[in-house]
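Look at the two complexes coming up: chain A is in both, with chain B in one and chain C in the other.
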Partner chain A sequence: MTLSQTFPFTGALNRPDLELLFGDPHIDGPFNYAAIAADDDARRMNTFAEGVLDAWGAAAEFVPAALGGRWTDTSAMVTRLRPIFRRDPAVGLGYGLTTLMAAVNVWIGGDEEQQADLAMRLLRGERIATAFHELDHGNDLLHNECTADFGGGVWKVRGAKQIINNIDRAESVLIMARTSEGVVARQFSLLLWHKAPGDPVDTTRRVLTAGMRGCWIGAAQFDGVKISARRIIGSEGNAVATALKAFQITRATIPALAVGSLEAALHETILYARDRQLYGGSVLDIPHARSLYADALTDTLIADALSGSVVRALHLAPRESFVLSAVAKYLAPQLLMDAIQQLSVLAGSTFYARTEPYSILEKLVRDLIVVPIGHAGSTSCLMTILPNLPVWARRSERTVEADLRLFELNASEELPALDFQALSLGAGSTDSLGAALHDPRVRQALAQHAPQLLPLVYELAEGFKRERAIARALSPDQLTAESAAASFDVARRVSLFFAAAAILGSCAVAAGTSDLAADPLVVEACLERVRGRLAHQQRPLRREIIDRLVDHGEWCVDESRSVGLRPVTIYPKARQRVRIPAGNREGRRGT
Partner chain B sequence: MTIDVVPTQIEQWLTGRVIAYGKVTADKFTVDTPLSELGLDSVYALTLCGDIEDEFELEVDPTIVWDYPTIRELAGGIAQLATK
Partner chain C sequence: MTGTLLPGTVAGDVLAPVRDFDRFLGDASDPSAVISTERSIELDERSEFPTDTVAAVDAWGLQRYYVPAEYGGLLTDAIAPLLMIRHLARRDVTAAVAHGKTFLGSVCAWVVGGDIAARMAAIAVTGDPVSWGLTERGGGSDLSHGTTAAHIADRGIRVEGTKWPINNASRGRAMTVLARTDQRHGPRSLSLVLVDKHEIDAATITYERKVATHGIRGADISGIRFRSTTVDSANLVGPVGHGLEIVLKSLQLTRPLTTGLSLGAADQGLAIALEFADTRRLYGRRLAELPGARRVLAEAVADTLLAEVVMFAGVRSAHETPAEMSLVSALVKFLGAETVDLLFRDLTHFVGARSQLVGVAGAGAFQKAARDNRVVGIFDGNSIVNLHVIVNEFGNMTRDGNPPDLDAVLAVLRPGYADRLPTSALRLVSRHGSSMLRALPGLVDMLEAKGASVAALAPARRIAADYRALLDEAADLPRQSQPDPLAFHLAERFALTFGAACAVAFWLARRGSIHGPLSRDDAWLAAVLQRLSFRLGGDPIDNDVAYAVTEAALEARTSGVVTLLSDWLG
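Moving on, here comes the complex of A and B:
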């Protein structure tokens, strides 16, 4: 590896874009699509990519600036990390996200000393695994059985945790364990275990998965592991409250990052469809193929608008983030899954026979299946939205104006640092995002720039009003896990209205610019696809819209631009060389 | 605010809400019965918190029901919040 430069840990300025460090995945290189597919087949992480991320100091992305890291604006963090997801989602999850999932609990619930200690560990490149999940109980955390008993100044952990990313190779593990009886939600505590040789635990069993195959996902059997009393995060009994706040950050961030993987799949699809000759022309000439591409791009843009606004809401509307983050983690992965499914149909035999050079498409399909399941599954997200619906509906009905800053996806100014203590477990006191459906300023912007869309906007706004009335009238016994499917459908439909609001808000703030979100044809496509989901019946997009969307896809490929609402330069031909630090993760167990 | 923030009056209001949810009748509980024993799980806790917020114009985190698990304790907790 040529030595050119190393980078200081802190400061986002003057740091090279990861796109530059990874280079074009279509040409020869250690982290190109061929290498990524081979690593996936061998169920291993790409060591070059992990080395680059070490050199780049990627762990500092998950450490708040106040603690010496680079994390201030979560939206900017997403932009900086998407290059990983445009290449290999397994590296994104296995290198970073799983550490973020654990760390946010400490930023929310830990004391100053615990936070400083963890920041130091992350900044020197250590990982933490998140040992919450028990296979017998799924997302039903309150029935988890792993326990910790206190005695002699230490907690002793006994029990099992399964499907834990990096459990064997992380230096530390955040464990959710039952520490007392009493009120169920207060029975659990978070214990941060720093591994030591000889600890009575087995973390060597690997769980083989169909997607994200490079990740080292495993199980732990604790047999009396001792953890010092100082390593309890927050106070005893605080695990559920802390985790429910921490989940908000990761539920918002994960789908926003996963949009990057669809950007990659859409790029590959254009390359394939131009290249492949059928019926006397290219696949890109076939109307059905063009329609599939347009549908997939539209669904990706809806996911981008929704998840992007919800990430910004963490900063701008934290008290609403409990519901909004569940909406994003429910709906955006569904949209992305549907999008990539359509692209797999478009690619046909090239997809299922894994024909080179497009084998990455088949891997991306498998990886994306994990996104809706892993870390707050789709149904669990609906169950988070559901009990909040009546209260949310009341608050929404009295909200007149949206917070338009939520929709400034291309804002040049960074958001102020996230206030972890402002996150709550309630429905918030207003509806900053949903209100975009009827906000007079949004209507005015549309009337000026895209008046032809107003009838569709009125139709959606009326539907939103009706849905809120239904949500408001739900009685508590219609809001539980055992409730009828009809209740879940209200939560699903409300999520779709939030998506429509995010599109309209993004259009209003972009109106008059050359941003994709301001293009009336693009906005019409997004609103039409949301309407189709609400009606359980998609109408084909108009020919003019399909042509516009395919043209945009082709232009992005030709110009090496990302295809989403936040365009950036991608896949540079010349890769900037970095020195991989000595002692990086190469050769460590499990890599 | 529609009623005075006095614990006994808050208790009365909370008792009314619990009966309104329809899981229990008035003769089956007192202000000292843990809400969880009335079948009021986390879903009802969220509903109750929303009602409390609207009634008393307070910001109430749903964890209040975990830490004040009876009507009497909850009324005390709300009164404390309201006087802050």
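Moving on, here comes the complex of A and C:
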């Protein structure tokens, strides 16, 4: 039986939920938390999980429907893949995300033949690694040194790439190489290398990391690997432009997926806090512990609202995605990091001295530290936002209405397929997301359902206006890497206002429903935490809000529901068996 | 008061052995040194105990500085063992945790004094590890509900129960065990017993296996089970029923000491970040030249120096104002650990991918120090416990009283060493909170009179105003057995204002004794105060201060450590 016979490739609707295939990670099973912790210790991927994902045809998630895959609505893709991140972020990253990072470059820059070829490879279960990073240059891609020289109809790649996920076990590698010495931004090209025996390259050196220990991260030393001229993705010199468009998709998607890991951590924390008896009650009875939990849940919900809206913006407002995806990749991982930090303080010695059955918390803390660093670090994201601020501010000031579809995180209709060519490298012509802070329809919904929040909303909207005025007045010398720290602060604050807008928008479209985003106490919590971040001073949430958030957390645990803004059933007791074809992992390095 | 401020009370230079120890440990980048970073990372990766390192440190005799001179050891002023622990920790936190545990394990005996202290001293000076059996499975920091029991009879004390997770439970020779001697729950139901494995029937103890930990992976964090383990009646540490009280007093001494671990970790993190900034080229320039990078570095320098002045104030207070240590030790421990946690979170972003790598391109030390460091905020009195202690002192902190004599407050920090730790002067609660904190408004006035820069004065004034507002807010809080989150929030802010008081007092009392680039102006003070003000809701560190303090730190890094203390580096 081949993979495609296990489940048909296309059609997401009849495909079993990964939650069902993985089962409850708290009970016996090959991909339960105990197995995941053991794999983490041993620095290996969970082979059962990878087998399930192969059988499920997970790679088809990264192939556009037009090319035979399942990818239409990116938001729905996030929902389908979150079960991996609720269990083991390392599998999430190592199985699929690095392949997605490479593939989006081909969907954007490749020609028809290249796209069809790659789609075929992915659909038969192959991986691609993304070989862009050089340790000495980090996010400063324009100073990368790995080169490719053209001659005799082929490119010859020489140089080194480091910290490359799956470099040794992927069948193909997308390489960013210096191909000319001309204008800096046009010096680099993307070359898709399909490995062949005897290629002059060493990819065997593994790089160990403190988080995501199971991932097979390595380095490559190219000594004249030949790549056919047909394998250049996009035109020569186009690597940076292609990558900057492609990475909008992954920068938006990664934090949205990582929200799943926080959902898991919040779930474990409730289990721990109920179970652990201290001072004559449970930890969950201690007001300070409840406050820590409520803060962590709130920060997670903010990250969920922001990253969820930005993922939808890829489809609905692609010309604004350049800035928005940088905002999401800058802010959401920080929110998630802070959230898990709070949970680690709450769990205390149970986190630090890994104590069963809660030892997964310790791993999640380590894994999540990697999220803000990998694939464009925080500063790199701020530097994407910064030069666009004056233009964005002018256009935002002219925008009256938000695109409320951005906030329909629980929409039953799928979004139309992504238009890769609509992604751009500018600030867009309008501010579809930020406008939610002053959109009259949002105000009206709040006035009707949560009038008590209006003063806080007005305050935030005023702050947004002031910030836009500051952003508009930034001069060109205030928009570079060499600008004063204060310029970066503007980008930081603008990101926070986007987060507030995402919360308000989500509240407005959910108003009148039983969605979490419609709950005035939850919205107040999110807005208060954003305000606290703007003032870099967090006061504890009100008692009533804390109780509401802890109750929600407990209810989700009791009902096996995910705790975020997109509630789904999680951790089913009965695991649906899936046939993992023998030899499926053949030829791949599983360690 | 048994301690003394007068320099010269202690014969010789208290810090001379600290420098000797530093030289003995050597350069961690040298694979043949007593501690090499490379080997520490390898051991950590394999979760292996640093056996050779600890044996070498034993042979050098660090443990003698854990034992008070009056019992035959070399401990006079506690700054010496504290800085030695920092020397260890700035090379390998695991080794420092493993060795320093003996100070924690034996300190109850010093608080009690007398024969038991002499017996403890005889064990500790040999280098045999002494551990501290406080916690039990499922009990965490709630010591009063422990179930391990000690049955006292004429023929001896029989101990039953399990202590877990305990640092050095397995490899330790002796343990100070907190055990129940009264089945009723109350403040007098626990007692302390010294269990020396050399004196008991070995068949009566078994071990719980080593626990996998987030950091200090090589450390022996395990458990011990006592089954009718019988020791001599003379092994009681303090009177029956006084166990909890003695532990609470002992924690007042160990909390400041553990900030030495935080600081050692911070020294590593900061050194890596400074080197990275100095050598990394980004966007065509040296990273350290980018203003955004300058600010991050300045914040890390400020965090390190804050932790250092707070640690220093803590250990000086243990000598000079022991009756305030119930509060001061909690302020010091909370703020020190929290500040260094923050430093690592911020520097992780700054150092980027390198912060997560193990054993590549000289990387590995950062991620280890970051994980190791978090042990400080979690064990032996975690952040929540420390904040709770502060909340419980609100009544004393807000009680009206005469402002403290500024000269007496500054005298605590002035150069000079004490001859012994006045353990009998420790109290379970303070009378008027912390005189250092109470002196904050006066110290800020004095700062102005002594000509501090506006860059330092402005945040100092702001923090002093915050302090006054905090007093009002705390005084209005109802007393609760389970304080609400607002009380914890206020406690955190009190700790930050305490940090400001320590920094200002340090500058006033010791600025003449600072050496090196940081002595040139008060930029370090401005950076520390601006950073504290930021954490209280004010503006971030300004460009000029960020520039000045990072210049000084980049220069200082070439000589080893960014520090305001002099004469401790070999």
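Just a few scattered comments:
In this section, the second predicted complex is superposed on the first by the 583 of 591 C-alpha atoms of A that agree within 3 Å, B and C clash if a C-alpha of one lies under 4 Å from a C-alpha of the other, contacts with A are read in each partner's own complex, and residues count from 1 in each chain.
Note that in this section a residue touches a chain if its C-beta (ideal position, glycine included) is under 8 Å from a C-beta of that chain, and two chains touch if they have at least 3 such contacts.
As the structure is a prediction and not an experimental result, all values here were calculated from the model.
By the document's definition of touching, of the two partners only chain B reaches A:R394; chain C does not. When the two complexes are overlaid on their common chain A, residue A:A485 makes contact with chain C while staying clear of chain B.
Applying the stated contact rule after C-alpha superposition, one finds that A:A241 touches chain B and leaves chain C untouched. More residues of chain A lie in contact with C than with the other chain of the pair chain B and chain C. Common to the chain B and chain C interfaces on chain A is no residue. Those residues of chain B whose C-beta lies close enough to touch chain A in the complex are 21-23, 36, 41-44, 46-47, 49-50, 53-54, 59-63, 66-67, 69. Per the touch definition, chain A reaches chain C in the complex via residues 41, 133, 135-140, 142-143, 162-163, 207-211, 219, 276-280, 285-291, 337, 341, 344-345, 348-355, 359, 362, 365-366, 369-370, 372-374, 377-379, 481-486, 488-489, 535-537, 539-541, 543, 546. Residues 183-186, 241, 319, 386-388, 390-391, 394, 424-427, 429, 475-477, 479-480 of chain A are the ones that touch chain B when the two sit in their complex. Across the complex, chain A is touched by residues 45, 135, 138-142, 145, 165, 211-215, 221, 280-285, 289-292, 294-295, 345, 348-350, 352-361, 367-368, 370-371, 374-375, 377-379, 382-384, 387-388, 482-486, 488-489, 534-537, 540, 543, 546 of chain C.
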